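Single-structure report; data block below.
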Amino acid sequence: MTLKGGTSLWIGGILVALALFVAVAAPVIALTDPVMAANLMNAEIPPGLEFPFGTDVQGRDIYSRICYGARISLTVGIVSQTCNSLIGVTLGLTAGYWGGLWDDLVSGLTNLMLAIPSLIFALAIMAILGPGLVSLLIALGLTSWSYSCRLARAQVLSLKSQGYIQAARILGYGDLRIMFTQVLPNILGPLIVIATLGMGGAILAEAALSFLGLGIRPPFPSWGSMLSEARDQINTAPWLSVFPGLTIFLTVLGLNLLGDGLRDILDPQATTRRA
Amino acid sequence: MTTDSLLKVDGLRIALAADSTTYNAVEEVSFEIGRGEAFGLVGESGCGKSITALAVMGLLKRPLSLGGGKIVLDGEEIQSASPAKMRDLRGRRIGMIFQEPMTALNPLSPVGRQIAEMFVLHQDASWSEAMDRAEEALRQVRVPSPARRIKDYPHQLSGGMRQRVMIAIALACSPELLIADEPTTALDVTVQAEIIDLMAELCAAKGTAILMISHDLGLVANMCKRVAVMYAGRIVEAQPAEEIFATPQHPYTQGLVNSLPRLGERSRRGQQRLREIAGVVPSIQAYPPGCRFNPRCLRASDICLDTAPAITPLQGDSLVRCHHHG
Amino acid sequence: MLLVLARRLANVVPTVLAVIALVFLLFSVLPGSFISAMSEEGRTIDPAVMERMRKEMGLDDPVPVRFAKYVAHTVTGDLGVSFRTREPVTQLIGVRVWPSLKLVFAAMVFAITVGVTLGFLAALRPGSIVDTVSMVGAISGLSLSQFWFGLMLMYLFALQLKWLPSFGYGDGGLSHIILPAVALGVGPMALLARTTRAAVLDILNADFVRTARSKGMSERLVVKWHVLRNALVLVITIVGLQFGSLMGQAVVVEKLFAWPGVGSLMVDSVFQRDVPAVQGCILMIVLFFLAINTMVDIAYVVIDPRIRYR
Amino acid sequence: MPTNAIVQGGSVMRKLVWSAAAALALLGAATAGAQQTPRKGGTIRFTSPYAATFGSLDLHTTPRATDEIVGKAINRTLYKWDSANNKLALELATSVSASADGLVHTYKLRDDAYFHNGRKMTADDVIASFSRIMDGKNAFPGARYVRVIKGAVEFEKGQAKEIAGLKKIDDFTLEMTLTDRVEPGYYFFDGSTAILPKEEFEKPNFASNPVGLGPFKFKEHIPGSRVVVERWEKFYKPGKPYADRIVFVIMAEAAARDVAFRNKEIDTSILGPAQYVAYRADPQLSKGILEVAEMFTRSMRMNPSFKPFSDKRVRQAVNYAIDTDLIIKRLVKDKAYRAVSWLPLSSPAFDKAVKPYAFDPAKAKQLLADAGYPGGFELEFTTSQNESWGMPIVEAMIPYLDKVGIKVKPKLIEVNLLSDILIKGDFQAIISSSLTGPDSLATLRCFYSKTPRSACNYVDFNNPAFDKLLDEAAQTADAAKRNDLLRQANNILYDEAPVWFFNYNKAVMAYQPWLHGLQANPTEITHQYYEDVWVDETSPAK
């Protein structure tokens, strides 16, 4: 939408593919171990030949940590959005399908989730579970499913009004079968778009939680924790934050562009549904 | 040939810009409308009749653009007139009614104001004066209790009422030409006739010529003196209204005529059902070579497959574009 | 109008009740006791004092009893007493509300003026330089990490250019609010630019705009008479949603710029396990969200006649 | 301390032994303000760097050092810490005499101290303040100090109507009876024992409208942002305070504080390791750095209930395995002094003869093997995110411990949970910072076997020889002898290694060139006696 659909799809796709490649190939392309290769004698060396992105306060190679950090950051993005989609679709489908009390309950829950900002919700969950990857996945995976829930519910209701579902019932199809064969394929496109955009949001949320002191559990690196740790040295050792910051920006930008591009293909009527 | 020509469209071509190539959405379209005359343009949706109308209004938008040809209004070529000049023409000299009365009016503006805009725009009226005249215009299109209605919003009016408002807007400045693009398609059958009658009556009173665009040959033939039939971006036949029913020349026109339900006709032809034209209008990207109707034509022969038929003039200013007309 | 309010209220009450219950539930399982509210680097805490305070705060009651008490108090507007400062939570939050509102309003003013303007300009000239630049800017704005952007603003405008103070509330004047408002507003700004552009493009393609053009109206008048108001209806939805959730999203910016708002109080209270204060803050944030949404609903009624008569 | 000597206000009570480094730092601080005569007027902009809010301005209700940053301006306590001479000194009394058994202290109170509401302070105010602190209904943190007064516990439990050990002789004479032979100054210089006016603290809004005896009176508080105080004209030290007003700005985010300080928006800033290096390297900024050896010991506690740590050899091995000096130099950027044992450099019981554990991985391996862990073990290491004694340090320790076979799994927690976890004993190893002064005896009591875990014996330390030394020290009146006993006890801790001895904090405050008269307070660098601080006319603050 921003650029011509194709352009944003391409740029976004390349950026995301690059991030994925880095994550998968981290052991191969990283120069050193991200944790154990600490050497305090090498601390805070500016970018150069030996350490392309410089070293951090512990004397660890920032480039290698970014490579491994991709694994954490992308895991956070992908897993949390998968959770959100699953929860949202399940609740939305069943609510729209069965209606009645359950529908009211789910709608109430959706309103609740919208009313409490997801960052605050995630913060509370992180405080309860303590910092760490699993907590992070739970905190981000449970707190932003309202979009996909609304989407699924709306789709079921529209199919219901068009008589598809009655027809399928008359043919003797079970509830589950109808949901999966009739409804799901119809919302898959927009769902992928929501999830792609949500991944970028999750990576940014991880950075925000790290800033607040409730992120991933070190020493294994995530981009957000690297950025957060480096903020005090922004004046003295800017490379500590420039590279993780840039990596986060480019990856999230890539995901957003990809989402935009995919929307043009998968969800053409949604010009204003979600900007 | 009418002596007092109001609108003359000559060799109109409308270009459609796609990814890397340009298609001709409309080509070789020529017709002429005399002062006060009602002219009909008929065809299935997608044949190019609506964009022809928009081209006359100068309202073509990307990816569509004027590719060639002349549009002459009252002796003056307007196809490359300045935007300011076109704005002055629109509304004042050419009015237009659109198909969807539901969406053609601004939902957030009272209908009275939407009519009054015409007087403010073209007749330098003040808003209060314009509102008075809007009320009068509503009365002319026979909207009951117009004084109250001018404050109503479009969603408070029925479809027929809204279309009356549209007519009031289009005719507010007594234009010389009214373009009516499927004005009744979205309305109930009972309302359709009222609207058509109203339009015809008001135009007759104001001496306004009509370019009536519809897929409904019956409707157009009732109202218009002459009718042109479009298919896939070209005019395939043009005849006076009575004759097109009596002696349709082009196989496509014959199909259209046959698909019309006619009182009496049906019983005379026994149990024969309404005949539809098989197939669909080809998309612009996939116009077949030769005669564009050939995939659907029962009379298609070899020549139809590779040579596009030229125009064959018939009696008067009638014409047909077919290798096997008649 | 009253009907809208009544219907809205009927929706709001259960949400608020659910929030109260959820918040209580979440924080009754929070690890870390009340001691955390009192602890500080390296200093030991007197066990006898802690024991007494627990009793004083009624923390030894069973959970259902505490819940019942909590709900009863909350409904009457009594949010309890802060573990940390021992002052009433309503008072604790009360002094934070005005700075919070100021920040949120300032951020929204920035987001709306810049975002809507950019979106409009972009939509009026689709494919132009203006369009491309503002939309690339918008998507970049959505991809920025908030605290990172805030820090950059601080370094550029406070330290390097020395145009603005770097942090704090100051005397509550304009100069202190600009940087945090921009840092907070950049996300909604980007979103609004994109939404506005999409909405305006949608409307420019609408039938009634074609009607307006067929009337011989200049583009300027088309936009002024027919596009603006309709675009507003679409934009206002996003404005409402953004606006409402901004008080909660301000957490990071408030922390970074040492802005004395509700968000930073909430985060600090979470870390200090000052449960009554956290509960109060979340309630405040939710109420703000609901209030803004109610106002948006009312705004619809004013702008869109279709709703008024429905 | 002589048993029945009359100690005059301002005279030497205990000579602290200072390390060369600390003394040097003090000298630097002293010279910083010495050249000019103090200017009257101006605004001081002091930073509160530790927390994003002040807890309470009613000092009785809060145990926090953060709150005392403001508290020191508004309130006063019976004693003060005299940073220039490194000792306790009387503040609200002009003299004190002690009985032969060291339990009864008679104070001659100041007769020129006025509360900010204009009323003169009397002995009744001391009694009222201490009674308020001990009131069982209140559960105020200062109770831990006041409890040393005879009859305070009974009063707290509601068994007595008043504190028996406090007796008013006349308006300006107070007799205080203690339960133990201790130096009361250690107990009554803490802000939570401030003397407050009864008629004011009984008002419900006292916390938002505090009234005290200090050199500045409260003006306004914008919670989460700042506190403003203004000169109290009737302050009891003639000619003081100098400044018209102090603005305390809350600035917990180090990066933002750095910008604000460089931007000259604040007059002081507390520096972390990274900024310490940068400020020292900067020709301008390096002129305004105040360094203090604070009484904090940073260490990793090893829980003996975790099997490997029940063996002394394993605990020693940990101390040998880590290149502590390198971590301090490279990671803490020399913003700390290497810890030898538990007591800090400034303690009179510090033993200069003892050398810290050397970096000797081979020896560490050997010790581990001897203890039955030749292959090492897995260790869950609890830590906060603190820059100087949290996650970054743990991250640096991981490779070292890994080399001797100890596989570390860090467990990150929020910093406020540390106390909770220490009290519960829910850890294998935990790194934290502990206040280790100024009372060395009280400090070492945290390893006394009868001290419960909930008080501060977090590693359940139990060593009869250590206990015996402490008991003796408590009974010894002679300071030198007592310090010698404490030195021996401290050396037992060195050998037993209940913790990994990391460092003693060097607190570093940056100040602007126009700010003068800062004191190098080793109990807490941000606690200043503001009547001595002044700004010259080059300050940009109005």
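Order as written gives the chain letters A, B, C and D; numbering starts at 1 within each chain.
In the analysis below, contacts are C-beta pairs under 8 Å (C-beta built on N, C-alpha and C of every residue); 3 or more make two chains touch, one makes a residue touch a chain.
If you're wondering where the values come from, they're calculated on a predicted model, not measured in any experiment.
S.K.: Return the chains common to the contact lists of chain B and chain D.
M.R.: C
S.K.: What is the set of chains touching both chain A and chain D?
M.R.: Touching chain A as well as chain D, we find C.
S.K.: Could you tell me which pair, C-D or A-C, is linked by more C-beta pairs in contact?
M.R.: Most C-beta pairs in contact, of the two: C-D.
S.K.: Which chain wins if you rank chains by how close their C-alpha centre is to the centre of all protein C-alpha atoms?
M.R.: Of the chains present, the most centrally placed is C.
S.K.: From chain D, which chain is the farthest off, judged by mean CA positions?
M.R.: The chain lying farthest from chain D is B.
S.K.: Could you give the separation in Å between the centres of chain B and chain C, each centre being the mean of its C-alpha atoms?
M.R.: Computed value for the inter-centroid distance: 52 Å.
S.K.: Express in whole angstrom the distance between the two chain centres, defined as the mean CA positions of chain A and chain C.
M.R.: 22
S.K.: Would you kindly tell me how far, in whole Å, the mean C-alpha position of chain D lies from that of chain C?
M.R.: 39
S.K.: Would you pick out the residues of chain C that each touch at least 2 other chains?
M.R.: 31, 151, 155, 255-256, 267, 271
S.K.: Would you mind listing the residues of chain B that make contact with two or more other chains?
M.R.: Within chain B, no residue contacts more than one other chain.
S.K.: Check each residue of chain A and list the ones that touch at least two other chains.
M.R.: As it turns out, chain A has residues touching two or more other chains at 127, 130, 213, 231, 234-235.
S.K.: Going by the touch definition at the top, which pairs of chains touch each other?
M.R.: Every touching chain pair, ordered by label, is A-C, A-D, B-C, C-D.
S.K.: Which part of chain A faces chain D closely enough to touch in the complex?
M.R.: 35-38, 40-41, 43, 57-59, 127, 130-132, 213-214, 217-219, 229, 231-237
S.K.: Taking the complex as given, what residues does chain C use to touch chain A?
M.R.: 11, 14-15, 18-19, 22, 26-27, 29-31, 132, 135-136, 138-140, 142-148, 151, 155, 191-192, 194-195, 197-199, 201-202, 234, 238, 241, 245, 247-249, 251-252, 255-256, 266-267, 270-271, 278, 282, 285-286, 289-290
S.K.: In the complex of these two chains, what residues of chain C are touching chain D?
M.R.: Going through chain C, the ones touching chain D are 31-33, 35-50, 52-53, 56, 84-87, 91-92, 95-96, 99, 151, 154-155, 158-159, 162, 165-169, 255-261, 264-265, 267-268, 271-273.
S.K.: Hey, which residues of chain D end up touching chain C in the complex?
M.R.: That would be residues 50-53, 55-56, 58, 61-66, 136-137, 139-141, 143-144, 156, 207-208, 222-226, 249-253, 255-257, 259-260, 262-263, 265, 296, 386, 414-420, 423, 432-436, 446, 452, 454-456 of chain D.
S.K.: With touch defined as at the start, can you tell me which chain C residues reach chain B in the complex?
M.R.: Checking each residue of chain C against chain B gives 206-208, 210-218, 221, 225-226, 229-230, 233, 303-306, 309.
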